Every structure is written in C-alpha cells, then in structure tokens.
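Each chain gets a letter, A, B, C and D, in the order it is written, and its residues are counted from 1.
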Amino acid sequence: MSEERYNPTELLICTASRLMEDEVTAFIGTGIPMLAAALAQRRQAPNLIPIFEFGGTGAILEDLPMAVGEARTFHKGLAASGICDIMETAARGFIDYGFLGGAQIDPYGNLNSTIIGPRHHPPKVRLPGSGGANDVGSLCWRTIIIIRHSRRTFVPKVDFITTPGYLTGPGAREEAGLPPGTGPLYVVSTLALLGFDEESKRMKLLKTQPGVTVDQVVAETGFELIIPSQIETNEPPSDEELRILREEVDRQRLYI
Amino acid sequence: MRVIESGIGELIQIPDMNAFREWNRTQKSRKLVDKLMTEQEAIRRFVYDGCYIGTELYGTVRCPMSLVREVIRQGIKDLRVAGQGVTELDLWLAAGIVKTLDITYIGLEVYGVSSALRRAVESGQVEKVVEWSNGGISWRFKAAAMGVPFLPVRSMLGSDTFKYSAAKIVECPFTGEKVALLPALILDVGLIHVHRADRYGNCQIEGITGFALEMARASKRLIISAEEIVPTEEIRRYPDRTVIPYYLVDAVVHAPFGSHPGEMAYRYCRDEPEIKAWVEASKTEEGARAYLKEWVYDLPDHQAYLKKVGRERLDRLVEGRERRE
Amino acid sequence: MRVIESGIGELIQIPDMNAFREWNRTQKSRKLVDKLMTEQEAIRRFVYDGCYIGTELYGTVRCPMSLVREVIRQGIKDLRVAGQGVTELDLWLAAGIVKTLDITYIGLEVYGVSSALRRAVESGQVEKVVEWSNGGISWRFKAAAMGVPFLPVRSMLGSDTFKYSAAKIVECPFTGEKVALLPALILDVGLIHVHRADRYGNCQIEGITGFALEMARASKRLIISAEEIVPTEEIRRYPDRTVIPYYLVDAVVHAPFGSHPGEMAYRYCRDEPEIKAWVEASKTEEGARAYLKEWVYDLPDHQAYLKKVGRERLDRLVEGRERRE
Amino acid sequence: MSEERYNPTELLICTASRLMEDEVTAFIGTGIPMLAAALAQRRQAPNLIPIFEFGGTGAILEDLPMAVGEARTFHKGLAASGICDIMETAARGFIDYGFLGGAQIDPYGNLNSTIIGPRHHPPKVRLPGSGGANDVGSLCWRTIIIIRHSRRTFVPKVDFITTPGYLTGPGAREEAGLPPGTGPLYVVSTLALLGFDEESKRMKLLKTQPGVTVDQVVAETGFELIIPSQIETNEPPSDEELRILREEVDRQRLYI
C-alpha cells in the first residue's frame, strides 16, 4: 500500500465507490459510504440515487453530510420523507444496495456493532447498536460491507449478530423469514475485496488491495477464507479519483 | 397466535391500547388553548422521575436540545428512554439520569463510539438495555400511532438484535411466512422540535420528518419546541402542512436555535466546533461533567445558553444553512 | 398464529410480498426517464383485461377521471377493482367492465344509492363482491406499502363486514386481545391524479392526500395524471413536498381538469350540473348508455372532452375553487 | 309535526345538531351530519372540531361540503392529512363522536348499509357498503345515528351488520375485540330521540319529536322499545335554528 499516494480511508472509499452502479438505489450511511457515493456521482454513476434512512431520496451530494438526517442528505433531492417510508421502501424491494460497517464480521458476513465480549449486559464494550444496519441488512437486495481488515474484525464468530449476513449458511436467511434473494455481496476491506461463495455462503477472496499479498490477507483473517487459484489485484486509487475526493468531495477534509 | 420465538429482552412499556385510548379520551383536551410556556414550565409539568421518554429526531438534526438540557437542569432522574440518539442522549447518559434503554443507536456518528454510553452501560449504571433496529423502534412508534398493539415486519429476523429485543416471531396466517411482531411503544413523554407551531400546538416541519409523526402520535404527553411561533391563521391557510395536530400537544415552547449544536434544515447548519467540543469533553467522566456544568447547570435557561454561544456564531450557522435553490 | 375466525370472502389478491419485491426489483426502473405520455398510451401499455385495478381519491374529489374514461374507451374488460368510488367506479360499472369487487363504498354520496352498482351487482354481472370498510381497504394498501403481508386493526370486528371479507381474527400475542388481520392488497395497476408531477413521476399533492401515498406504494404499475407538469428543478427545490417518488411511477399523463366533473383542491370546484347529469342518466341502463356514448365513446380523448365541457364552464369551476385565504 | 315550519330533514338536522358539544372532536359524514355540524358551529359549539375521513380536521364549515373529501372539509382547517391518519386517530381514542346513518337499524343499534335481503350475493338490493361507517362505529367513543323512522328501517334483525352497534347485547362488543367503552349513544329519528339501556344495551325511547305520540313511535318501530314512564317532547326547531340553517348553512338549498 503506497503510504504516500493515499491513506487506508481513501483506499476504502475508492474501492467501495467503484462498486456503485449508475441508476440504482443505494442506502448510504454516515462516513465512508457517503464519500464513496459522492465520488461515484462525479464519475461512473451520475444518476446513483442515494437513500438516507431518515428520509432523503435522490440528493445531489454537493456537500458532504456529517449525519444521515442532515439537510445535505436531501439537498436538491427528489423526496424528503421519514424513516418509516424509507425502511418500507426497502421492505418492498426498491433499494438495490446497502452499505454497512461494523466492529466484527464472520465468515457468513454477519456483522456486530452492538457489544464486544460474551455477555450482553453489562457488556465488556458497548458499541452504538444496530441503528438502521439490521434493517438495511435484512431488506436491501444486496449489501456491501466496508470494514478495516484485522484478526480483531474478521472473527470466526461475532460476539453478537447485530445485522444478519448469511447467518449459519445456505438457506438460513430464508429459514429465518428474511426476504429471499438478499444478503451480503461484497466486503471491501483495507486488504482486499471479498465476496461470498454461491454454494456455501462463506467469505471468498476476490482481489487483494494493491501491494497486499494473499498471505497477508490470510494472516489478518481470523477464519478460513475461500481462496480461488487466481487472485487479481485491485487497481489502486487513480490520481483522478484522489483529486476529486480531496478537492471536490471532501474539500474540508472532514473525513479523509 | 402461536409464537415461534420470543426475544428475551424485557418489554419495558406494555402496548395496552385500551389504556392509551382511555388516556387520550380523558387526559388530552380537544380544546384550542394557549399552550405556550417556557422550557422550565413544560419540563416541570410533564416530565417526571422514572418516566418513559423519547426525543426526535436526534442530537445533531432537528432535536429539542433546549428541552433536553432543561431535563438535566431540573435533576430529573431514572429515565427510561427510547434510544436513538447522538448528543441528546449522550448528555443524559453523561448526566447519569438514564436507567433503562430501548436502544437502537447511540453514538457520535462520524466521531465514532460514544464514551458516555460506554461508561454508563458497561458500569451497569444503565440497568436494562433492550435491543432494536432503527426501523424497529420507528415501527413500534408507528404501531402505537395506528392504535394497534403490534406491527409485523420482515426485519430483525435471525439476529441477536431480535434475540435481545422483546419482539416475537409468528407465522403469517395468509402466507405461512415468518414475520417479526413488534409491540407498540407508547411514550409517557415525547419531545419534538419543529420549524413552526401555533400556540395550540399545530406543527409544521420542513425537510425530512424523521419519525416525528409516529412519535407524536405515540406519546401520552408531548412537548413541542419550535423555532417560530406562528398565528393560527397561518396554520389554517396551509392545513396540509400540519404534521402534528394540536390535540396531541401538551406544551409549546418557543425555542429559536432549539436544535443547537445540531442543525435545522433551511434555518441553520450544525455547529461543528461545539459538537467536537462535546466529543472531546465526553471522552472522560470529568470532561463530561465539566461540559455539563458549563453548558447546562451553570446556565439558567435557553436564553442564557444562546447568549453564551453568542450572536456572531449563531449568525454564521444561519449563513451556512441549506437553502432551497 | 392460531386463527380464531376467518372471513368467508375470497382473497382476490394474494399478499405475496416476495413476488412483489421481485417485481419491484426487476420491473420498476430506478432510472430517471421521461414517462410523459397520453392517456391512450398509458392505458394501452399498462391496463389489461382482468387486471386488478384501483383509483384514488374518488369520483368527485381529485380522481383520475380522464384515465377512467380512457379505460372504458379502450374496451378493457373483466376488471377486478378495489372499490371505493363515486362517479369513476360508477362509470365502469355502467360500462359493464367490472367482474370482481373488493368493495368499501360505491354510491353517489348526497345523491344516494348508485343505480349502476345496483344493476351490476343484483344481476350478478359483477361475479364476486368482498366487503371491507374504508379504513380496512386503506390499511390493506398500507400493508402492501409497508412491505408486510398483513396489518392488525381493531375495526371490522364483530360485523358482517368482517364475515364477508377475507380478513382473519387472531389473538394479540402481547395483550391477548382479539385483533383483525387485514391482508396486504397489491394492485396490478393504480391510477392517481395529482396537482403537479415532473416527467419522471415525482408527484406533489395539495390538500388532503386521501390514500394516495398508500395506493401508490401498493401498485405494481402506477399511472399518474397531473394538472400540471413541472420541471424537476421545482421538485428538487421542495423535496419535502414529494409524496410519490418517481420510481413508483410508470406513466405520467398531463391532464388539466383531469378530475372533472369532480374537484381539485385549490384549482377548481366540482361541476354540480354535470354530476347531477350522471346521477339522472344512470338511473336507467339506457340513460347510462347514452351518457357513456356522449361523454366517453364519442369523444376521442380528454382534449375533446374538455372542449365539449367548454372553456366558459371550466372558468366558472376555477372561479369557484377553494382558496388559501 | 308542523308541516309548515320545517321539513323532516330540517328536524333531523336540528335535533342532531343540539347533541353536538363544543370542544369535542366529531366524525362528520356526508349529508345531515355536515349540516348539523355547520349549524352547531354557529350556535352552541363554535369550537366543535369536525373530522372528515379522508383527512380534514378542524375545518370551519362556511360552505357546505358535498363530499367527505372535498376542499370544504379542510377549509381553514387545522390539518389536512389522509384516511389512514384519521382512522388511526380514531383508533387511538381521539375522536369523541361519530355520526352514522343506514338503511336498517336493530334494537342493539347495529346498522345495515350493505344489502337488503337474505343473500349476500347476488343480493336483492345492493346498497353502497360500509364506507367509513364500520370504522367509525368501531373506533369512535360514542356514535350518534341519524335515520328516518319506519318499520322498514327499525327492524328486529338487520339483514347485514355493516357497522357494529352493541351486536347481541352487553359485553358483545368487547368479546368481539372492539375497544371497550364504545358504542351507540343516541338515535335521532324523524319520530324520536332514542338511546340505549345501560344494562340490556337495547334501544330506549328518550323523547318524542314535536307532535309525535309514543304510540306512533311504537307503531313505526319493528321491535320492542324500552319505554320509560315519563317521556318528554323534543323542542321543535326554533326560528333561529331554521333561519341559520336556511340562510347561512345551506344557502343554496342543496340538502334541505
């Protein structure tokens, strides 16, 4: 990873941003997803429709929101409603992608953002809780997880399933009553781009980040990854991406 | 209705819709009376130790911060709280006045995990924590708003968020699918900040409505703070802009910059340095205490708070507001 | 979920939310494309024999009458209809194109019982009639809009309206009380008339919203007619006025006076003589047929209809409109 | 009944109007309830809050609406929302009174506005159906029924319970799951003002209309009424009521 050209946050943003298609609806949370969406609107996805949980639909992300309810989440937007309307829009199958983060992820893409440690209350470490994550992970068609890569985050079993991935494997989501055809699609990490095996629903390495070896990914992952024989390397953030990110998207360097 | 699975979290408020109906019949007037009062009076009259309380939207966005601070100032304690929050619930947690949480998210957004939440929950000072999703808690308000004891949803299923909630899973009698049933959440007191209200409590909001409509209708007592008090003629000219009708409202507080340090769409932007000041201060118990002393306890009211913030700074926030271009 | 009692009415549309999700994923574009078209094209493309269809609000108030007439003109038949209606469903009944009714109310309001309904139902020409309340059918749309297979309500209980519906009664697992569960109602096609829309289908309504929000979200195909087509910039300036976002919409039809002979709040009042003309004409089959010939079949389109009504008369209706005083 | 001074519609309107209290919420349907409410707003109940099912709250009834969704139902109103909001307001116990009509009424105040005859489909006579009536009768605190009096309308058993009154008697509403404390309070007819016995929930004569004898009421009622020993006579519509009704409320004589 070239320390000079970009930092890990910028790498995550650019990698996630490239996954954002034009003319789709995407649930955008605070932080990296907002920057990735703003970058995507300026590049390959001018008509990406950002959806913010408290009501913003179709904003033009000229200035970066600092919160998912801020006026910037419906700046020149197509609609500004409320959280029930948005979550119900997801329930009806209108939201294509959702971006999620978390403190822990397991091989099935289950996410924890509630507590660290074995006991629910009082816990060893109290994290913020689900917020909209559980709803996004339950109801959007596909989720894309953005997370820093380490053995502390990539764990065999999360301490708490805040947001369902594939739960215990194939068929488990449907068995739980979650809408069919949903679940995590990609994991964007500081070390790799990962996906999920069609059959087993376990996490699979797709590409390494620039300058990262497969061994490094394996070493920093607390469970066995599916590793195809051929692994490509992600394109590093381009000068153009970094320029837009720094000069247009986050002019005030609030995040990067 | 056979229950397939029940969350193990405690059902803190019972969804007794008959009692709620009776309350609304006997305790809520249909009379058009002047409800304008100060923060002090509103909190003194309607908020009490141990009550179950909720705030909308959240700390940095259209949040009744002047009411939130007054709750602390009056030494109200043992609150049971519907927990979607940023600065507002953080202040309450730091002040040690929260006993029970139906939590969805309490954190500092881009600034990360809440230190105040960590201290209060990890120490056991907050005695009960029941988990929900943001959609989940909003739908619980919506159930109460609809006057029904529960709503079915297809969220929270399969997760520990469900397991540590008080929701239930049943089979849909029409399709045979599993759905989660969320119990209606009736608040003893709701606090909501709006753009405009008349003296009777008819309210208008600009921009997103968050969960204001649902929470207003789910509250036994509702305290409104408003940036601006408008004549009722203005309400009657635009009845289609009323999102909270007067009969839901018990108190109307005129609170310009009532969301500070948060923002108010089309009026003022958030006060980033002040938000950061709390983020920093709240990292330690002492820091949080000092902040509360300086910004809450040592100030008699919202007017004094605004004076301390200073006109110049407020003007800058107005300058930075979202505009309808 | 143990069912205590089931209505004996047929469940005409199955509340299959997975199929609805799949439809919304694959058949509804998120693309901002120009959907402006004529009544002819919209009806030809999206309405078909035997489809399950609904109209909003109702015949004399903000109703898509130009679309309603075009459905008749194109000879579409065997409609299955969600039945809250005045003139609009009356015209369809008189035209003999309704086969099945989820009925709540079809009548002529102050002018009494609908003769067209009587003839069509008493003769058995309408083959199935399932009963609901107005709240009931609106909540059924709301269930679909919420993406859930049913909603619990405390209405319809104990009545024959329940008995001849397709609702079910269960015990609430939180309170033990009986509640009625209403199955979500997904429409094949919804027709809604609004004040303003852009070419993509973002819609604004003034005054009451009736059940437009719910029905729009419950429709697999949604045809919007609008008094006025506005630039998208106007929508983006007031995103908080959008009640139906574009991705729900399949066609946008520019239909000034589209609600005639009904009214449109703040734009024009209802045309009492024309409404009375239908009330009189529809008393007999022959009268109804003559009316349909004169006002629907013999006119090629809405422009010709308006020309026949005449500018002078339309001006008078504008003069009599509700104003924001 | 003095044929010269007022007609049966005017009598019904004035009788119903006097039952409307100030500073209460009341569900108003098309027709007589609208006129009664408009009259009441000009007399004893200037702050009567009319509620119309499709969204109007707190209108000032300067001009008579001809439909429950018309702009006049929110003319200078306090709120204009939608049908779900209004029905849910009733479900939460915020609507004090509801006014109802029907083609048939039974001793328990059950109402029929759906079909006449024994068979549901095809029926002998098809009426409009419930509309909002079932919701109003289920969810408002007390309902007031306005109906023309004859043996054809006051029947031992309605052909179809469109809207629940007391169903089969004491406790039946609660047993059915309807909210406790609700049910019909008065029946305003062209011959009498009637109520319901506290114990048996059966219909009871309260007052006769001016010029009407108890025997006439009994003769025109198809079931046994509870008749207290002392029966007063309703005050006839006053000149003032009639003047307001004719000159202000229904200037254009749309209804009367």
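Everything that follows uses one rule, which is that contacts are C-beta pairs under 8 Å (C-beta built on N, C-alpha and C of every residue); 3 or more make two chains touch, one makes a residue touch a chain.
These numbers come from a predicted model, not from an experiment.
Visitor: Say we pretend chain C isn't there, which chains still hang together?
Guide: Components, chain C removed in thought: just one piece.
Visitor: Can you check which chain pair, A-C or A-B, has more C-beta pairs in contact?
Guide: A-B
Visitor: What is the distance, in whole Å, between the centres of chain B and chain C, each centre taken as the mean of its C-alpha atoms?
Guide: That gives a centre separation of 37 Å.
Visitor: Measure off the straight-line distance from the CA centroid of chain A to the CA centroid of chain C, and report it in whole Å.
Guide: 40
Visitor: What is the distance in Å between the mean C-alpha positions of chain A and chain D?
Guide: Here chain A and chain D have centroids separated by 57 Å.
Visitor: Mind checking the centre-to-centre distance between chain A and chain B? Centres are C-alpha means, answer in whole Å.
Guide: Chain centres of chain A and chain B, defined by C-alpha means, are spaced 28 Å apart.
Visitor: Do you know which chain A residues sit against two or more other chains?
Guide: 56, 74, 76, 80-81, 84, 91, 139, 179
Visitor: Please set out, as single numbers or ranges, the residues of chain C touching at least two other chains.
Guide: In chain C, the residues touching two or more other chains are 17-18, 146-148, 153-154, 177, 179, 207-209, 237, 239-240, 325.
Visitor: With chains as vertices and touches as edges, which is it: line, ring, star, complete or other?
Guide: other
Visitor: Okay, what are all the chain pairs that touch?
Guide: Those chain pairs which touch are A-B, A-C, B-C, B-D, C-D.
Visitor: Going by the contact rule at the top, pick out the chain C residues touching chain D in the complex.
Guide: Those residues of chain C that touch chain D are 57-58, 60-62, 83-84, 86, 103-107, 109-110, 113-114, 117-118, 121-124, 128-129, 131-136, 138-139, 142, 153-161, 164, 169, 177-180, 207-214, 263, 265-266, 269-270, 272, 321-322, 325.
Visitor: List the residues on chain B that touch chain D in their complex, please.
Guide: Those in contact with chain D are residues 17-18, 20-25, 28-32, 144-148, 200, 202, 217, 232, 235-237, 239-240, 242, 245-247.
Visitor: Contact residues on chain D for chain C in the complex?
Guide: Touch list, chain D to chain C: 30-31, 53-56, 66-76, 80-84, 87, 91, 110, 114, 120-135, 138-139, 160-164, 167, 172-173, 175-179, 254-255.
Visitor: Residues of chain D touching chain B in their complex?
Guide: 23-25, 47, 49, 56-58, 60, 74, 76-81, 84, 88-94, 96, 139, 141, 179-181
Visitor: Residue numbers of chain C touching chain B in their complex, please.
Guide: Result: residues 1-3, 11, 14-18, 146-154, 168, 170-175, 177, 179, 181, 183, 205-209, 237-240, 324-325 of chain C touch chain B.
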